[in-house]
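Below are structures written as structure tokens.
In the two assemblies presented below, chain A is common to both, partnered first by chain B and then by chain C.
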Partner chain A sequence: MKRLSRAHLLWIAVAVVAAAAVLPFWLSAYLLGVLTAAYYFGVFAMAWDLLFGFAGEVNFGPTFLIGVGAYAAGILNSVLHWPMVLCIVAGAVAAVIGGLLMALPALRLRGPYFGVITLVAVLLLQYAIVIFAGITGGEIGMTVPDVLSIDANVNYWYALAFLVVCAVILYTLSRSALGLILQATGQDAIEAQALGFNVTKHKIAAFCVSALFSGVAGAMLVFYMGTASVDTVISIAIDVQVIIAAVLGGRRTILGSILGAVFLILANELLRPIGQLNTFVVAAIALAVILFFPDGLLGHALRAGERE
Partner chain B sequence: MLALQILIDGFAISSLYALAAVGFTLIFGVSGVLNVAHGGIMVVAALVGWFVAGQLGFGTYIGTVAGIFAGLLMAYATYFIVVRPIERSRAIPREETEIFILTGTLLWGIMIEQLMAYTFTDNPVTLRPLIGGVVNIFGVRTPRNEILIAAVSWAVIGLLWLLINRTQRGKALLAAAINPRGLTLLGFELSRIYLLVWTIYGLLAGIAGVLLASFLGVASSNTGPLTASAFAIVVLGGLGSVEGSLVAAYVVGYLETLTAYLVAPTLRPIPPLLLLILVLYFRPQGILGRR
Partner chain C sequence: MSGPTRLEIRGLTKRFGGLVAVNDIAFDLRANEIMGLIGPNGSGKSTVMKLIMGIERPTTGTIKLDGIDIARWPSHRIARAGVGIVFQHSRPLHRQTVLENIKLALLPDSLLRLAVDPGVDERARAIAERVELGDVMDRHPSTLPFAYLRRMEMAKAIARDPGVVLLDEPFAGLTAAEVAAFSKLIRSFRVENRAVLLVDHNVKGVAALVDRVLAMYLGERVAEGTAEEVMRDETVRRVYIGGKIEATTQRGRVAAGTAPLLDVADVSVLYGKAQALDRVNVQVREGEFVSIVGLNGAGKTTLFNAISGLVPYGGTISFGGRSLAGTSAATIARGGIVQCPETRELFGDMSVRENLDLGGQHLAKDARAAQLAWLFELFPILNERQSQAARTLSGGEQQMLAIARALMMRPKLLVLDEPTLGLAPVILEQLSKAMEQLRRTTPITVLLGEQNVTFALPHADRVYVLEHTRIVWEGDPLRFAKEMGTGYL
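Our next item is the complex of A and B:
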């Protein structure tokens, strides 16, 4: 991977997607299930990368947006019996509202202060779900009556298609004027403002887009698994994993997040035999990447390509 | 009677919070590092203390010393394995160092938590009280250990105050917080000062961890919540402001105790979090912080 430039990236991406699409003919249902989860995770991480990598917002609460989308969809389906597609749309709307709520303090606070708020948002959401156990299922979680599909292959293709659509949209956005302005804002908000960009508008847009994708992915994950629980979409453990995935893959690359997510989920599965220590090893690997390749896997490869 | 009970219990837990948060805020003030592995260091001190005291049978006092020492070692490990390499890395842009330290110590904290869960299981452990017995304060039965914890916390904070304000090395710490470059020009080695800060921090976190183990008990899964509460206290008081942290520790401690006694013990952590959001929204620099 020495001479990897952005032009090559497109062809590599097409080849990888094509290869991924035919995987169900070779792999066991179990491995497909693992990859399906990894793909949704990839969307979580990409949405996070847009906020953190580009807009420079220290968002420690990706699972706040994911959780709001997932639980809104889940509750509407299990309590009000709305059809699944409507639930996913409603989940997306709820997540965007959550994103706007998060953007509000982000306009006033910077760096670690905002980071604390987002972490607190996750904790509060978690407590709220436990307190309103009547409709949310509390700590045990809830079951939704509808599922995307009962066929592992179909579920896998749904996830893959969703991932590709999200990746194309988010990558295009990140290479567009919006992405550049966000990057400028993240590095020096005052200068960006002096250049005549409406920083507030772009920041809010970034939060809305990130929330939209997080929410839809969260809602789809719920309908893929048939359940929603704190441990699968909200807990700090999941929260940190989303961040690890994006940082591992490489900040500011969007596509790297997918790499990070697949690597992370596969590593978690492969290391299952060593039991309790598996999270330890995964965290250690991520720490090593941060220390030795701070640009992440894809970021490192891209940078090496540009230098030649 | 209930009011007095809340007053006493709240005081003990708040003092402990203050002790735990002071080190955290000191490190940020002097070297600009937000150590998210903070809870992990306290947990290591508590569990090692419990292990040496109870499981190895060396008794509470040796266990306490061992726990504090373990906290110190963990603080050094955090500094040398995670923080210093990130600060010195040339591949990481200056303006992103802060974010990398946050992410790095976050991962480090998870590693500590998992390793502790693996070694000592996830069950909460309690260190035996340093002194036994109960005293009666106006009709409220208070364990002597609780009074001792409050006293030790304040004694340590007092010593820290003396060190910072009355010794030359302490004043160098203060100077490093205000203008590190100026201090270097005066011939002080910055890395030595950072080492001193991490030493103080390790001792403080170690003592706080061991005391917490003898007061409420500690489990490896407390790592996250302990970090979160220290973080909340420090931000509430104003990042880098030691006095602010002390005030905030009492606000949070009493708010939690009030909730636990008057509303429901399970809701204990919620009011401080809501308060934190409110304060940050209207006064982003915290109660006593500077911009």
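Our next item is the complex of A and C:
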């Protein structure tokens, strides 16, 4: 791949956003729907990359944070009839609190245990939703009375705007002093401490930020689809897709996650004609990319630029 | 000459379960002073450094920094209080430039200050110039030589202007010229009123730099004084060399003219960017017993790993006249070079007998039985412990088992890496006897790596001295006692 510097990246990003904004004038409602979902997925993956790529913590349970945000918003809307905006805010708060409850004990553990705990958290949440089927809708899922919009174009623009805002915030954060400290923490926690940084504090902060964005995105997704179900926001299959999207796009790039998410969701949809095989083919492609470009799609391009 | 006391350590003790890693260590470190903390592997010197930095918590004792007890504080607080450390292994941020790496060390420990202060840039540049990285500060670490990376770590450690600087094996992986330049840099800290604590394997490497040396062994203080005093100290000599240097007469079993079985020619090894071996030449002839002596960290294990095909190297290694380049480790082992590693690598949960059987896996049944019988004669203790789990053996017995297992493979060349590591003197004697018997009764060729000269010399036909990645001396054991006896430490 050719050189790709960060300055180029900005202009490319502006051009891509502009192009994406006018897509509704060409694309079918079906394709727009696919892209809309992909954009929410992009936010999930970016939030995950902040935690894995920067803080160095492998969170195997991104859907725990997403699911808590989604269901909190959904329940408040359907049961207590809170207004939608308030529900989204509440979903974000719930995700952060849920994330803290999980992270505080988990971050004390070393090695792979953090990852294991995050994975268990997803299963716990899944069971909890099935057990409290009375208010959560259980395995069938729940329907929320409010939706973002019934117009596919408007929904698409909402998702795009949300994605761009999240991308700008998360990317800026990753390039800030905090991002630098987080990277140092993720690479060598002992050295980061010896340089005078409170590693636990920074990791928890990263976790909160990741939870916040996951929660908001989860809540927005519920109000886009009008439903919340285990299969769409919590199941391990979704969990794995978020992780693959981030790794595919490129660890520690934030923006690469969007590429990964769009690729993954689009490929899954476009290959639907080949039936059962489609998930297999998409997984194989993802595996090949990770094997041959371990830095991911965007990571590989950026790396090539750095080596010059 | 020295300034006020910066660091005051009293009764410092660290236990890991039943193991006492550091036992009642006490010392003062003054401003303008450079002190060396030395000891062989496992002596507890690195643990002392970690205790000071707060990476490990002391079991008992006080660590006072400028009069305030910082023992049991978290690392980041200790760092902010004025202690900087340079780790031996560091992982710089590869996506950032050298300057950005230095800036990192200058950032506040705050979640809210997202923008970097404008003053930080200026300071980082000044520090880069200070450690002579001015020309390369906009480059990425991965494009720089190892010595520059060490300088960068140094820059990070002094960025916050600490009163105390801890250096963990600062010279590891550097060439002689780089060591000199680096020493100059460390010496310049004196003028800046800092107190410096160097941790290293041996006195010799740091002698020219330090004002004072504290030698440790098995967690205890064994000697303290100037570098010369410590090098002359009887206990220190015993710890490092294993007592008096003696040599028996040369055997001359092997004619000097024969072609070498193992020929290591101009072999260099790099770990990342660190130089671990520098153009080493070693020859072992058939039937010869060759000892390579050198202190921990000199490069013995690296050399053996290169021979066994476990690390990539430059230069050539040939065995029996054929180059080993491109041969896998497994093929090399089957070809007759069997290494008995420093770490022993026994299968702890298997019995002694199972470990030995595994070693003799490729032998025919009767050949295996014969080999076993011979080994039990060589190491009678293993015969008694046949059914015991290897894990439950004592250190000495484990070492014997490791050697026996290697011998089960019927090596043409047996490579023994520091068999005496961590063994008590009585065990050494048993091991020494087994070596002698091995040498007398079999035509086996042995390459032995040792720090303990007393153990390495009596059996050797020839001796090489490996010092800081290079072979610095070669000759017979008698000449070693005369020429190297005093200069080794």
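Rule of thumb we're sticking to: the second predicted complex is superposed on the first by the 304 of 308 C-alpha atoms of A that agree within 3 Å, B and C clash if a C-alpha of one lies under 4 Å from a C-alpha of the other, contacts with A are read in each partner's own complex, and residues count from 1 in each chain.
Quick note on the criterion: a contact is a pair of C-beta atoms (placed from the backbone, for glycine too) under 8 Å apart; a residue touches a chain by one contact, two chains touch by 3 or more.
Not measured: the values here are computed from a predicted model.
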Combined model on chain A where chain B meets chain C, clash or fit: clash
Partner chain(s) touched by A:I244 [first = chain B, second = chain C, both, neither]: first
Chain A residues touched - chain C or chain B, whichever exceeds: B
Touched partner set for A:E191, first chain B, second chain C, both or neither: second
First (chain B), second (chain C), both or neither touched by A:A284: first
First (chain B), second (chain C), both or neither touched by A:S149: neither
Which of chain B and chain C A:L180 touches, first, second, both or neither: second
Partner chain(s) touched by A:S28 [first = chain B, second = chain C, both, neither]: neither
Touching partner for A:K201 - first (chain B), second (chain C), both, neither: second
Chain B clash site on chain C (candidates 41-49, 95-103, 221-229 or 347-355): 347-355
Common interface residues of chain A - those touching chain B in one complex and chain C in the other: 187
Chain C residues touching chain A - in the complex, by the definition given at the top: 53-55, 74-76, 79-80, 84-85, 87, 90-91, 93, 95-96, 100, 103-105, 107-109, 111, 113-116, 140, 142-143, 156, 159-160
Residue ranges of chain A touching chain C (in the complex, touch as defined): 172-173, 176-178, 180-181, 183-184, 187-188, 190-191, 193-199, 201-202, 205, 252, 306-307
For the chain A and chain B complex, residues of the former touching the latter: 58, 105, 108-109, 111-113, 115-117, 119-120, 123-124, 127, 131, 187, 236, 240, 243-244, 247, 276-277, 279-280, 283-284, 286-287, 290-291, 293-295
Sites on chain B touched by chain A in the complex: 34, 82, 85-86, 89, 91-92, 95, 98-100, 102-104, 106-108, 110-111, 114-115, 117-118, 224, 228, 231-232, 235, 239, 267, 269-270, 273-274, 276-277, 280-281, 284
